[in-house]
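First chain A sits with chain B, and in the next complex the same chain sits with chain C.
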Partner chain A sequence: MALLEIDELKVTFRTRHGPVTALDGVSLRVEAGETLGIVGESGCGKSITALSVMGLVPSPPGNIAGGAIRLAGEDLVGASPRRLRKLRGSEIAMIFQEPMTSLNPVFTAGDQIAEAIMLHQNVSRAEALTRAVALLDRVGIPEARRRAEDYPHQLSGGMRQRVMIAMAVSCQPKVLIADEPTTALDVTVQAQIFDLLNDLQRETGAAIMLITHDMGAIAEMADRVAVMYAGRVIEEGRADDILDHPKHPYTRGLIACIPNVGKGEGGEPPPLAEIPGVVPPLHLLGAGCAFRERCGSAFDRCAAERPRLLGPAAHPAACHAVEEGRP
Partner chain B sequence: MAGYLLRRLAYGLLLMAGVVILNFFLIRLAPGDPAEVIAGDMGGATAEVLAAIRADYGLDQPLLVQLGRYLGAMMQGDLGESYFFNRPVAELIGARIGPTILLVLAAQVISITIGVAMGVMAARKPNGVLSGAVSVVATIGYAVPVFWMGIMLIILFASIIPIFPVEGMADIRLRNEGWLERMIDILHHLALPAFSLAVIFLAIYARLSRASMLDVLGADYVRTARAKGASERSVLFRHALRNAALPVITVAGLQFGGLLSGALLVETVFNWPGMGTLAFDAILRRDYTLLLGVLFCAAAMVVIANIVTDLAYRLADPRLRGET
Partner chain C sequence: MNALLEAKGLTVRFPMPKRNPFAKRDFLEAVRGVDFALAEGRTLGIVGESGSGKTTAAMAAIRLTGPATGEVRFRGEDLLALGPEEMRLRRRDLQVIFQDPYSSLNPRDRVSHIVREPLDLLGVGDDASRDARVEELFSLVGLRRDQLPLFPHQFSGGQRQRISIARALATNPKLIVCDEPVSALDVAIQAQILNLLVRLQGEFGLSYLFISHDLGVIRQICQDVAVMYLGRIVEQAPRAALFSRPLHPYTQALLAAAPSLARRKSAGYQRPAKLKGDPPSPINPPPGCAFAERCPKAQAKCREERPRLAPDGDSLVACWFPG
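Coming up: the complex of A and B.
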């Protein structure tokens, strides 16, 4: 039994185009101490997967229509709001994408971390604040005692994200979800944040679910990778396998899109690659493969039948062309 | 911070001087002559009597001279004598300013607390029945003229359900009772006027705080609070309301002037012994000095209210504390 198991999760949203399926049978598993990367473009369901695990899918309009999420065997989909509140922040914690707006502007950094501690542990406010300062120090904020009294607007983006991380790990969660934790940050700060997350994981043995569209982040952080497209997992495997031997045309496209800084054969940098088109609106998905319109390998079967995740258990892909061994 | 306060005070004084000078000329543009009113009260107006009265009050001097005299006296804390009451303006206002401040502050407290509570309730389920009801009540409250609301409340609570006194500020039969009885009596008298004045502003705050709460409840930091495991109550009142209250504070400060002018009408309807009734008398009787004194005090109150608002805003929003 894995620490966190997502099993055939189906999430629907009511929209003005009628109900759409944002997640369509997503199954994932993360072990303790492991980092699972979830990649895909905007709108493919990465964040909804994360919010589902947190029990924070906005409802209405969202609704978990089926499937299960199990944390150490305990089903979270049917859990009471009270139980979920108890788990949130203590057993499962989340770091959000926008450090600039994810901290409450009217409370100090120390207060916001101390609040998380006091919500789940029976300690005094003074003790919680002391621990908050220690956490700020741990996540690499200099002069932590003074910084704890700063308000978010007095901190840089990188520091705010460190505060978010300190808040998230304050109760030593078993599962840490990081939703694009470095997207809004400078490249140099990104590397520091990844190092910090790796260190914290080594110390606490937490499972990390890293959501990103950045293949570089995957190479740096992830043990295993799940590639998502239009609400489904379309390829899954060890990070090295996915990066070196991607199967699905979409994954190959994502990897081809990593900008190459080095010079090519002619002395010029190679042109930037792109995947043509955009993720189709979910309410317009037909019966076939959701990627076929953008796919160079599409053939007639792709329009008729939705591909299932098939192939070796260690590295399956959902693609008819891969299944039939077409080029 | 101290420098900021001093600067605000200086601006405030400048503003008040502007108000006084502008009003000084505006009143004299209006038709009517205080000498005639005074003479009329004395029982007859011959040309000589009028001239004597004008000379007596300095009304025969050129306007600029009159203004200079008035401002000069004002610098020394003298607001002049009322033409009609024959008593110092400062004394008249001193006796009336307390009830007005009481009425205005009571209305402010009622409208902000009830208005914000309505707005928060409505924002919790923006498409729910309660939210719709709050919107309807708020729209009606905003549309209803304050004097009409006063009259309706008098009808309701004087003849249909007679539970509140409808007139005045205190029951003279209780003048020899202890202070507690008299205070309760004043609060009892205060209820209807304060509520009628509060209704229109309550509507403003309900709509504003509903919109502001809806905005804040969608903010990333509210999601962060939920992700920590904070209870719905803590999310609503600790995390969201603190932020949603900021625009309410701004508007409360801006509305203070409106509140004062609304108080004038309410005081007239309920015969509340405040500055509003005094101003009303002063206008009817062309009592220039009294009216100028009242306007000066009203301007001072608005200036003070704005400074207090600014301080409250800084207290509530740490992002503004560093600015000067």
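Coming up: the complex of A and C.
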């Protein structure tokens, strides 16, 4: 049994175009001490997957229509709001994408971290504040004692994200969900945040679910990868297998479109490989493969029948062309 | 080199609010004596972290932020010396693509009008020719004619950036300042936009001043690169030299920070040159090398005396211990 198991999760949303299926039978698992990368473009269902695990899907309009999420065997979909509040922060924590909007602007960094500690552990306010300062120090904020008294607007983007991380790890959660933790940041700060998350994982043995659209981040961070497209997992496997031997045309595109800082080649780099077009709106998904409009390998079967996740259990892919061995 | 745009000693100082009426006023020097030259039909990349002054330097060069001192020659003419109306007319040749495709398009305006507006403001052509030009621009950047009457919110991030590009191209400019045009986009869409920019450059002989914090993107699109740190250029080199032989420790750290498929967690990858902390404050910057506090190679000399840009092979580098 894995630490976190998501089984055939189905999430629907009521929209003005009628009900749409944001997640359509998503199954994932994460072991303790392991980092699962979830990769895909905006609108593929990565963040909804994370919010479902946190019990934070807005309802209405959202609704978990089927499937199960189990944390160490305990079902989260049917759990009471009270139980979920207990688990959030202490057992599962989340680092959000935008540190400016997810921190409270009217409380100091130290107060916000201390609040999380006091909610879940039976300690005094003074003790919680001391721990908050220690955490700020641990995540690499210089002069942590003074910085704990700063408000979010007094901190740089990288420091705000560190405060978010300090808050998320304050109660040593078993599962840490990082939803594009570095998209708003410089590459140098991104590198610092990645190093920090890897260090924290080595210390605490937490499972990390890293959500990103960047295969470069996957290479540095992930042990295993799930590639999502239009609300489904379309390929899954060990990070090395996915990066070196991608099967699905979408995965291949995501890898090929990354500009390379490679050494030595002085000349004009060739044009980047593109994935043409954009992710289709969910209410316009037809019967076939959701990727077929953007796919170079599409053939008639792709319009008629939705591909299922098939192939070896360690590295399955959902593509008719792969299944039939077409080029 | 036959430079289209040449900046010499470009400096931008912002006055800070006084702490009390009798205090001495502090100045924030965002750009401190920057020199660069951009040849016709080429792309100069300016790379650095937030707060390095890269955007301010580029915007000051085309007089979109001020007050700037120094000299900026565009086809031999000093832009900083022009009067307001002369400068306004020169904008026909100088256009911008902004970073955020959400806030840089007026949400209450139809996109056809957004793209047409530069033509209206600068009085290019007549009514009919302007409409024809807008349609032509739409097909150039890969948008459809039936999308002309839509509003910005009906487009995705990548499509909005295409609209920004169409607007920048409208007046047939010589130079386009691209201010992190792809950093708000998914990598899949980023590739589309970068390829589009390269294609348009070849087609129209455009010159780009391209600002980015991502060296992968810079390598893809820029022939020449200037690395900025705390308002100064610390290394400047042609692409081949910069990527095969980065000389400044800051450039090396930026390269180590850029995500790469070759750096695998599975292979136990550990970043060699780790950058700690943030750059120092640009108000009263340190006397020596601004990077000394974060630099793994810093010595006493670095903290006391500021290194100047000096040639080293094909590159210019401002470091006491380059390489």
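Worth a mention:
FYI, the second predicted complex is superposed on the first by the 321 of 327 C-alpha atoms of A that agree within 3 Å, B and C clash if a C-alpha of one lies under 4 Å from a C-alpha of the other, contacts with A are read in each partner's own complex, and residues count from 1 in each chain.
Simple rule for what comes next: contacts are C-beta pairs under 8 Å (C-beta built on N, C-alpha and C of every residue); 3 or more make two chains touch, one makes a residue touch a chain.
Source: prediction; values computed, not measured.
Model built by superposing both complexes on chain A: chain B and chain C fit together without a clash. By the touch criterion stated above, A:Gly110 is placed in contact with neither chain B nor chain C. In the superposition on chain A, A:Glu41 makes contact with chain C only, while chain B stays out of contact range. Contacts of A:Arg88 after superposition: chain B is touched, whereas chain C is not reached. Contacts of A:Asp195 after superposition on the shared chain: chain C is touched, whereas chain B is not. Contact with chain C, but none with chain B, is seen for A:Leu243 once the two complexes are overlaid on the shared chain. Judged by the touch definition given at the top, the superposed model places A:Thr101 against chain B, while chain C stays out of reach. With both complexes placed on chain A, chain A has more residues touched by C than by the other of chain B and chain C.
Here's the short version: in the overlay, chain B gets within 7 Å of chain C at its closest Cα pair. Residues of chain A that touch chain C in their complex: 35, 41-42, 140, 142, 156-159, 186-192, 195, 198, 213-217, 219-223, 238-240, 243, 253-255, 257-267, 269, 271-276, 278. Those residues of chain B that touch chain A in the complex are listed here as 219-221, 223-231, 239, 242-243, 316-319. Against chain A, in their complex, chain C makes its touches with residues 49-50, 156-159, 186-192, 194-195, 198, 213-217, 219-220, 238-241, 243-244, 253-266, 269, 271, 274-278.
By the touch rule above, chain A contacts chain B in their complex via residues 54, 56, 85-90, 93-94, 96, 98, 101-108, 115-116, 119-120, 151, 153, 164, 167.
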